[in-house]
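You will see two complexes here that share chain A, one where it goes with chain B and one where it goes with chain C.
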Partner chain A sequence: MSYFGDIYKGIKTLLTGMSVTGKYFLTSRKGAITQQYPDNKETLKMFERFRGEVVMPHDENNEHRCTGCQKCELACPNGSIEIIWDRQIDPESGKKKKMIDKHIYHLGMCTMCGLCIEACPTDAIVWAQNFENSVYDRSYLTKVLNQPNSKLKAGVED
Partner chain B sequence: MNISLNITKTITELLSGFMPEGAANIGAMVTIALIYLAIFAVAGLYLVLLERKVAAWFQLRLGPNRVGPWGLLQTMADALKLVSKELTGTVKADKFLYNLAPYFVIVSSLMALAVFPFTKEFQAFDINIGIFFLIAISSIGVIGILLGGWASNNKFALIGAMRSGVQTISYELSVGLSLLTMVLLTGTLQLSEIVEVQKNGWLIVQGHIPAIIAFMIYMIAGTAETNRAPFDMVEAESELGAGFHTEYSGMKFAYFFLAEFINMFIIAAIATTVFFGGWLSPFGITESIPWLGVFWFIGKTFLLVFLMMWFRWTFPRLRVDQLLTLEWKYLLPLNLLNIILMAVIVWLNLTIQF
Partner chain C sequence: MDTTIANSNFKSEEYFINMGPQHPATHGVLRLLLTIDGEIIKKVEPDLGYIHRSIEKMCERDSYQQIVHLTDRMDYLSSHINNEAVCLTVENALQLEIPDRVKVIRTIIGELTRIASHTLWWGVMGMDVGALTTYFYGFRDREMINDIFEETCGARLTMNYNIPGGLMFDIHPNFVKRTKEFIAHFKTKLPEYDTLLTGNVIFQKRMKGVGVLTKEDAISFGASGPVGRGSGYSCDVRKYHPYSALDKVTFNEALKTEGDSFARYQVRIQEMWESMSIIEQLIDNIPEGDVQVATNAVIKLPKGEFYQKVETARGELGVYINSTGTKNPYRVKFRSPGFSNLSLLNHIAVGGKIGDLVASMATLDLVIPDIDR
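Moving on, here comes the complex of A and B:
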């Protein structure tokens, strides 16, 4: 008699579903996932995986990890990254070396796909978690990621 | 507390002090109608708020909490917004029917409220065919939906309305038959007498197995009657825009919306009266204070409303063919079997009485 079997199974599965949502209902007081955004601006912490914008971290000596290899520029599907580079004489070794002048990032064109960050061999660029990116003029969205007078951290290229 | 709870009689007597009898009768009717209208318009708004809060809690959200304390004034603000909005319409709509449809829906759902005994004697209209009246009235609402869908001259609205016709005609049967199962036990259609019968134990206890089956069928069919998810083929946001009320805006839309929630209240109130003893307290603990019955009635009703909300936020939606399969292949045959079972139980006196 699969007819009554079906009814039994149907009721059983419906009750299973209701017990799952019922548990959520009872625990919702503690576990509400809603962020009451403008109110909790001070305490709001975005998750690690959130893709806000691409940044280049600098350490306390104003040193970054970008070697100017342009792999991020090549990886970017819509040309959001432009690298202006130059061959300069490295003061330590005295040889001519490729160095970045400006790492230009167009936030307004970025689709947050993350291919540049995957492509970077030296982890020079990472995701930042900020999201309040609105500005009054779109020229503000073009950002230079390396700070002025910054230089490559020693040992990154080795 | 010496207030007479029989409101119709009280108001008629009050008015006949300074009016001729005929005018007093009409005056009492109008007064009661206005009181009911005001109470249930506000109650409907708060049901909307409850729905949104319950939905939020099921989904681990917070729900409306900005307007007023804990968001209590949210739906009031929504209603004010809807009142202030423009009443738009389509050029090719059948204007008369288009404007008539929302009133059919809201009037039929408000009419059903008249017969509920909220507590002993607190009943606007104690008609002796109460259950029959309720079944009849609850199917008038669908005319409003059909009219709204047809007169809008919009294909989505028309599909929604036709689905509503299919759904309501099918599930009427189950609602009627499951209530009929309980009528076998009570032997009366009058709602106040049905509650009297339950002084020996609520009907869901008296009728045990067939009563529980009837209750389950009633709740499924009742949810379908109110066109709520998981049976929301009529609105079907994902397929039909907004279904039958696609072309309605402002207050006319609000009437449809309010009617849906009042219908939900009505379905729960019928279940309360027929299965869970209406205004009777559990084990008769407050039997000496009849006005407390209102709280028991409302409490039980809201538990059942919560159950319907629980259904809505748990179950996936049905397709039209699955909807009809459920009714015609499962609920209807089971219901007929259940009536026989109940008849046998009543015949052999196997009911549980305290």
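Moving on, here comes the complex of A and C:
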């Protein structure tokens, strides 16, 4: 008796559960959280704080805000940032000043912890929201953040 | 004559079988060496080390700010609470006074993390015992929390939002609104979990009386979190050693005395209700103020030993820092909940069937990077 009773209870509770799934079967598009990703590329907007990759914004005069203080390099836990710098003559004051030659960023090693951007005193580096980082060779993931022939924006001091 | 020959040659013997390291029901790279007799389990030996990254050793190399992001990668489902544990240890050692705003935000995000972890657990546990539907329902509700995290912290899983001395930046203006929306949404969805799975007789027969752990064994194996509380061992760190803003809220500790898989299941479902209640008490009155206390760029802890424990979604996480007064710790040890909870797997699985082992493992809620570190 209890054998058949169990079967009856099993089917009954199964139908109770299926009432939930049945409800969503009929109203499936309402409240759906999935996105049609490659098709919605034009409208897809990431959150503004999303950590995609580190970039260095340049203005229209090809000027950036990096003074070469190396605080980001020190803050990075695994050496994803390397800064090559030397002392050049500042055209304004005529004195020798620390200038970056290359701000090298290894995206392949980066853990997106955000400590470099926290450490930057002049907001020279920021997060970009790009997340499509697949490339054919890993050497493409080593990037030089400052553009060629770019220079320090006047008036930026750390 | 035939039968006598068959009888003389017929003998049963125990044999080994590998479960994992890529078995879908082990949730990661955990290898279990099963000694089985037919389908009855005689012995379970976990073989660890497949995802060992020597996080504790890497901590000795890093500064105290840099340690925090490594703990994201231990128990990745409660990454915010892991970060909080390290930050609390460093802050206690430096005797920093943390603003109330930071404490409240940390607690809210911590409880959101707990709900996110438990919804994922509910989904994959249902999948383990044969109900694939739960997987999608669990992930549907978790997605809303992940969106909240992504908007405020910038990441969905490895958040690294805490820093020693506070938070990296203030919460997003939408945070309060979205959290309230989620609570209102989840209050209608959590009863569906019960309708869908908890009341199901087939599911209950898979769970009840399976993997029974007594209270004495739970204590002696060092079980914590929902595993200990399912056996009647009252061990909620939030209750006994409140940290952040948890001393300002009232909540009940979910406790069951049966000790079987179903009790552990019910404890986690109950914990989701309690977490929602904690968030509701705090979300409307987040105090104004700073989100950071100024610390030195190079943090040096005083000489000595420091310990802090927190309640992650899986149990008690302890952080031990031994400092010699330099900018790097001399030794860091994490007491992870998953390791202790795994140690009792042999005890509760012996004598049962292989299918029961999968059900017990699902309710232990193991996260392998937390065990291996």
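Methods note: the second predicted complex is superposed on the first by the 124 of 158 C-alpha atoms of A that agree within 3 Å, B and C clash if a C-alpha of one lies under 4 Å from a C-alpha of the other, contacts with A are read in each partner's own complex, and residues count from 1 in each chain.
The rule is simple: contacts are C-beta pairs under 8 Å (C-beta built on N, C-alpha and C of every residue); 3 or more make two chains touch, one makes a residue touch a chain.
If you're wondering where the values come from, they're calculated on a predicted model, not measured in any experiment.
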item: Partner chain in contact with A:Ser28 - chain B first, chain C second, else both or neither; value: first
item: Superposed model, chain A: greater residue contact from chain B or chain C; value: C
item: Chain B versus chain C as contact partner of A:Gln36, first or second or both or neither; value: first
item: Touched partner set for A:Tyr140, first chain B, second chain C, both or neither; value: neither
item: Which superposed partner A:Leu14 touches (first chain B, second chain C, both, neither); value: both
item: Touched partner set for A:Arg49, first chain B, second chain C, both or neither; value: second
item: Chain B versus chain C as contact partner of A:Pro77, first or second or both or neither; value: second
item: Residues of chain A at both interfaces, chain B in one complex, chain C in the other; value: 14, 17, 20-21, 33
item: Partner chain C, residues of chain A touching it in the complex; value: 6, 9-10, 12-14, 16-17, 19-21, 33, 47, 49-51, 71, 75, 77, 111-115, 118-119, 127
item: Sites on chain A touched by chain B in the complex; value: 7, 11, 14, 17-18, 20-22, 24-25, 28-29, 31-34, 36
item: Complex contacts: residues of chain B adjacent to chain A; value: 54, 56-62, 216, 310-311, 313-315, 330, 334
item: Chain C residues touching chain A - in the complex, by the definition given at the top; value: 62, 65-66, 68-70, 133, 140, 143-144, 147, 150-155, 158, 160, 163, 168-169, 172, 192, 195-197, 199-202, 297
